[in-house]
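You will see two complexes here that share subunit A, one where it goes with subunit B and one where it goes with subunit C.
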Partner chain A sequence: MRGVTGALAGPVRRTLPWRALGAAGTLGLLLAGAPALTGAEPTDGQTLVLLRGIALTGALGLAFLLDDPARHLTAPVPTRRPARQALRVALVAPPAALWWTAVLLLTPSGTRPPVGDVTLEAAVICALALAGATVAVRLTDEPRPGPSVAAALLLAAVLAPLLAPESWALFVPPGDERWAAAHDRWAVLLCAALVVAAVGAAEPLRRGRLR
Partner chain B sequence: MSAVLVAEPPAVDTGARGGGARAVLALAGFEARRLLLSVPVVIAFAAYAAWIVWRTRSSWDGHPALQDADRATQSMPMLVGLAVLVCADLAVLRSARHGTEEHYALLVVAPWRRTVAHALSVVPAALLTAVCVAAQFTWEALKPGAVGHGSPAELLVGPLTVLLFGLFGVLLARLVRSVFAAPLLVVCLLFTSVLGTGPDGADGLSWLSPVVAGGSATTLPSDLLGRPAAWHALYLAGAALCAAFLAVLVAGGRGRAVRAGLALSLALAVTGGVLQARGAAPSPELTAARERASVNPEKEQTCVTRGRSTYCAFPEWVPRADDWAGVVDRVQSLAGGPAHDRRLLVRQRIEARYGLESDAAIPASATAHQVTVGTGWGGNRVPEFSSAVAAVLVTGSERATEGLCDGRMVTVMWLALSWQDDPMDALRRVRLDDSVSGSAVVLSPTEPMSMTEGQTDVVRRLLERPGDGVAEKVKEHWAELTSPGVTTARAAELLGVAGPRKADSCEE
Partner chain C sequence: MTPTVSASGLSLRHGGTRALDDVSLRLSAGVTGLLGPNGAGKTTLLRVLATAVPADRGSFTVLGHDPGTSRGRQEVRRRLGYLPQTPGFHPDFTAFEFVDYVAILKELTDRAARHREVRRVLDEVGLGGVRGKRIRKLSGGMRQRVALAAALVGDPGFLVLDEPTVGLDPEQRMRFRELIAQAGEGRTVLLSTHQTEDVAMLCHRVVVLAGGTVRFDGTPAELTARAAGRVWSSTERDPGAKAGWRTGLGTFRNVGDPPAGADLLEPTLEDGYLLTLDGAGTEVAA
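Entry: the complex of A and B
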């Protein structure tokens, strides 16, 4: 099994949606470098919004990760779908981590919010993108669910800060007394998203009813 | 014998133009239905409708000025526009994504005609937005307390924004044939609206963005707004058409109509852009008119008489004189002595010299027996105006109210609040910190007043008692209650309630 996975790594690496990931990554780096390029001095809150937006950009790229035009051909291969999807995630994880580090280093150091907590928020939105993609793959026959997942993620990202009750306190500004509690909630959200992603990754034994 | 029945050959539509137009319309109808029923657009419209209902129910405390209400319709269509942008982009790219582009090559409908159909499919979304905008504005206009005039150009901005975003999505799909361009563009657009870099309308460049809501801290008469709204609507329409014609051109439409349309729409957009930039800074005439309205409003205003008093207001606010008269009459009916029959002049005053964004305070008027009223009404504005009326009845003028900190404050606040339905709630609302104990600042249309802790206690005791006994005592002791220098303890004694625990802290 290990040998098969190893042998798959090369072909899977070639089928990854590098253009989408590259476009999202480049845009994210440009956004991160924008304050330094334009000489602007953003406030704490602006830097946080900037980082959240960059995380959203990266997550939009990741929403395309499970797009596989050859999906119907690879369905009968002995390596199961969770393993193939995990391979895709594993191949993308190191560049994504490098990219996020670069983004953090590019933003102005003076107004940078706590790195660990912002990374947690970024991880949540990326996990949500992946969960959406796995669920879309599981529930539909669409070889490329990326655009729909990206649209849904974008819509959720626009509406969540507008509509989420104030008492949930997810989108707190830096320096807010609820910051620590908010990030406990973010951690719970991360676990939930990962569980959904894991459940969505499993290949159903029978064809779903949504066909 | 062979009467061969020659079947007429099926009418082949060789007239590419006529058949093409029909096919384009059919495709446009199909795409429009798909666009309106796509999940992001449905959710965006649902959120938009919910926002309209939730906001309009309580906006401006039921007393909107329509020259503000029209601008308030502009911001939320941006959300719908973003959803339409993404969905229109994905719709144009659908054939490429599903590998059906080759099949379309067999049809008579050329790619540029399909682009025309996609551009037309955005129009129903814009029309639906127009319906929402019209519903929101009509709701505001039908409120009994509505005053002023809305501007059609400001109302057009919402639908035109949706049209512009949707057509831009079509153009984007023709320029960048990848599905992730639209979501990434939306993130960039979100940044421009979220990151606090929203346009303020101060210079010509900021008017290039679709929605220039401009912070509206104050309400001004509609001829003092100084917003190039009509030119902005022209600019938006020109930019939207320009995007549509450009998309058709990119898709291979080289007809004379396309080129002419592109040139014309570009001319429209540039004309609108240049003229709105010229109108962004206030013209000398507007500056002079604002100066006049701020410093010497007498010439601009219309005066009406209700009962004993005269009410002078900018023409758009004259219908509100009855509301003001109701407050003045109730306060005056509680007053005693000469104040009971005094002729007051209620004058509306504004500070228009610093534009819409500033929230400049209006200085107290030195004229005797003149009360200032602002442009807002309803909610907290009522007890604030009531306090100003009471203060002028007690002290004689607004200027004399400055630094008022003796026992007369008790009479002022009792006159201002005791006639209201819920005096304690009115007391809480008229105080800056929303408290009913301790010292606090009392708001009024001009300079705020201040209440000490002892005065607050006495006023609270008075308001908690049935009003009639107090009303008799106020009229009976009017002269002493309103004489300068009367202490809070003496006022409480005259009115028959327990005095403050310690002496007035004003003198400390």
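Entry: the complex of A and C
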């Protein structure tokens, strides 16, 4: 298996949706650098909203990660789908981490929210994008589910702050007494998204409700 | 002869539609044609046998391995070549790079041996001279041959081909027939097609699928024989015919139950196919 993974890394790197990832990354960096470029001095809350927006931008790019025009031809190969999808994630993870670090460094340090907590939020949004993509691959025959996944993620991002119950508040401002509790919930969401991604990646032997 | 593929009671629903309904068949070495109208369940059956999608019910084995278990599915996939209806490519790859990529996915990890195998299959499909060319610059027929090369890499014992000649011009189709016939030497090939001529020319056996069920399973000669005495010529379209059309000679070729004293014609495989579909309650296009 290790031999296959090593040999696959090169070709799979070339099959990644670099255009979508690059566009999302560039937009994210531009947004992060906007305050410095325009001389604006955002408040703590504005910087947090900006970072959440940038995380969403990055996640929208990741929604395309499992797009594969050759999907039908390569479906019944002995290299398992979870391994192939994990390789795609592994290949994109280092540049994504570098990108997020650059985003954090570009935002005004004086108003930057706690880095660990906001990184957790970004990780959840990205994990949700990946979970959506794995489920879309599992449930549909679409070789390029990215646009649908991105649209669903965008809709969820718009609706979540409006529909989330007060007792399960996620989008709290910095300094709010609910901040720590909210980030416990973000951690729960991260676990849930990773579980969904893992279930979505698996290839069922029998058709059940999740096909 | 031990069958390469043995399927029993395969059923699968898509939403409210029964795509496969209790399909049982046995395939052995040589080319078997799978005929059927659009929506008959051909692609679904091929995808199930290729382990791309699991069935709701039923079971099958390929070369003695049961894909109903994780290990068995791996073993089946190691012995399988699959050319889907719409293969899809990474257009920036060259033909060589793409087939090499599929070869890695098929666990051919030794680089030198793999490259030899990739060159072999590209030569086999007649693309040795353009293996360094990007797929985006290849014609539709050449791309289809790249997909066939990808299916052939690793010398699979069971080859599943889903309408490989669709969209090809007559010359390319002829070339593809040669390739499929060659591929069928010593291995089991299941060929889904709308082209009855492909079946007549290539296949030692034919399965007709309609409404998700097997309507016929036999030799092309047996399918043709179903139309014996049921094809006739007339100067007007016979209203009693199941299907009838004016030929280039100006007379009508009718298929169905001929009137007494009709001028009977030699049936073709297509006539037998049309009558088989009609007997199954499927609409026959006149």
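FYI, the second predicted complex is superposed on the first by the 205 of 211 C-alpha atoms of A that agree within 3 Å, B and C clash if a C-alpha of one lies under 4 Å from a C-alpha of the other, contacts with A are read in each partner's own complex, and residues count from 1 in each chain.
Note that a contact is a pair of C-beta atoms (placed from the backbone, for glycine too) under 8 Å apart; a residue touches a chain by one contact, two chains touch by 3 or more.
Keep in mind that this is a model prediction, so the values were computed, not measured.
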item	value
Room on subunit A for both subunit B and subunit C (clash or fit)	fit
Touched partner set for A:Val158, first subunit B, second subunit C, both or neither	first
Touched partner set for A:Leu56, first subunit B, second subunit C, both or neither	first
Superposition-derived angle with apex at the Cα centre of subunit A and sides reaching subunit B and subunit C, degrees in steps of 10	110
Touching partner for A:Leu205 - first (subunit B), second (subunit C), both, neither	second
Partner chain in contact with A:Ala7 - subunit B first, subunit C second, else both or neither	second
First, second, both or neither for A:Ala86, with subunit B first and subunit C second	neither
Which of subunit B and subunit C A:Phe64 touches, first, second, both or neither	first
Partner chain(s) touched by A:Thr74 [first = subunit B, second = subunit C, both, neither]	second
Partner chain in contact with A:Leu29 - subunit B first, subunit C second, else both or neither	neither
Overlay on chain A, subunit C to subunit B nearest C-alpha distance, Å	10
Of subunit A, residues touching subunit C in the complex	3-4, 7-8, 11, 14-15, 68-80, 84, 143, 203-207, 211
Interface residues, subunit B side, partner subunit A - complex	39-40, 43-44, 47, 79, 82-83, 86-87, 90, 97, 178-181, 183-184, 186-188, 190-191, 194-196
Complex interface listing, subunit C residues touching subunit A	12, 50-56, 67-70, 73-74, 77-78, 80, 82-93, 97-98, 100-102, 104-107, 109, 111, 147, 150-151
Complex contacts: residues of subunit A adjacent to subunit B	19-20, 23-24, 27, 31, 42, 46, 49-50, 53, 56-57, 60-61, 64, 144, 146-148, 150-152, 154-155, 158-159, 162-163
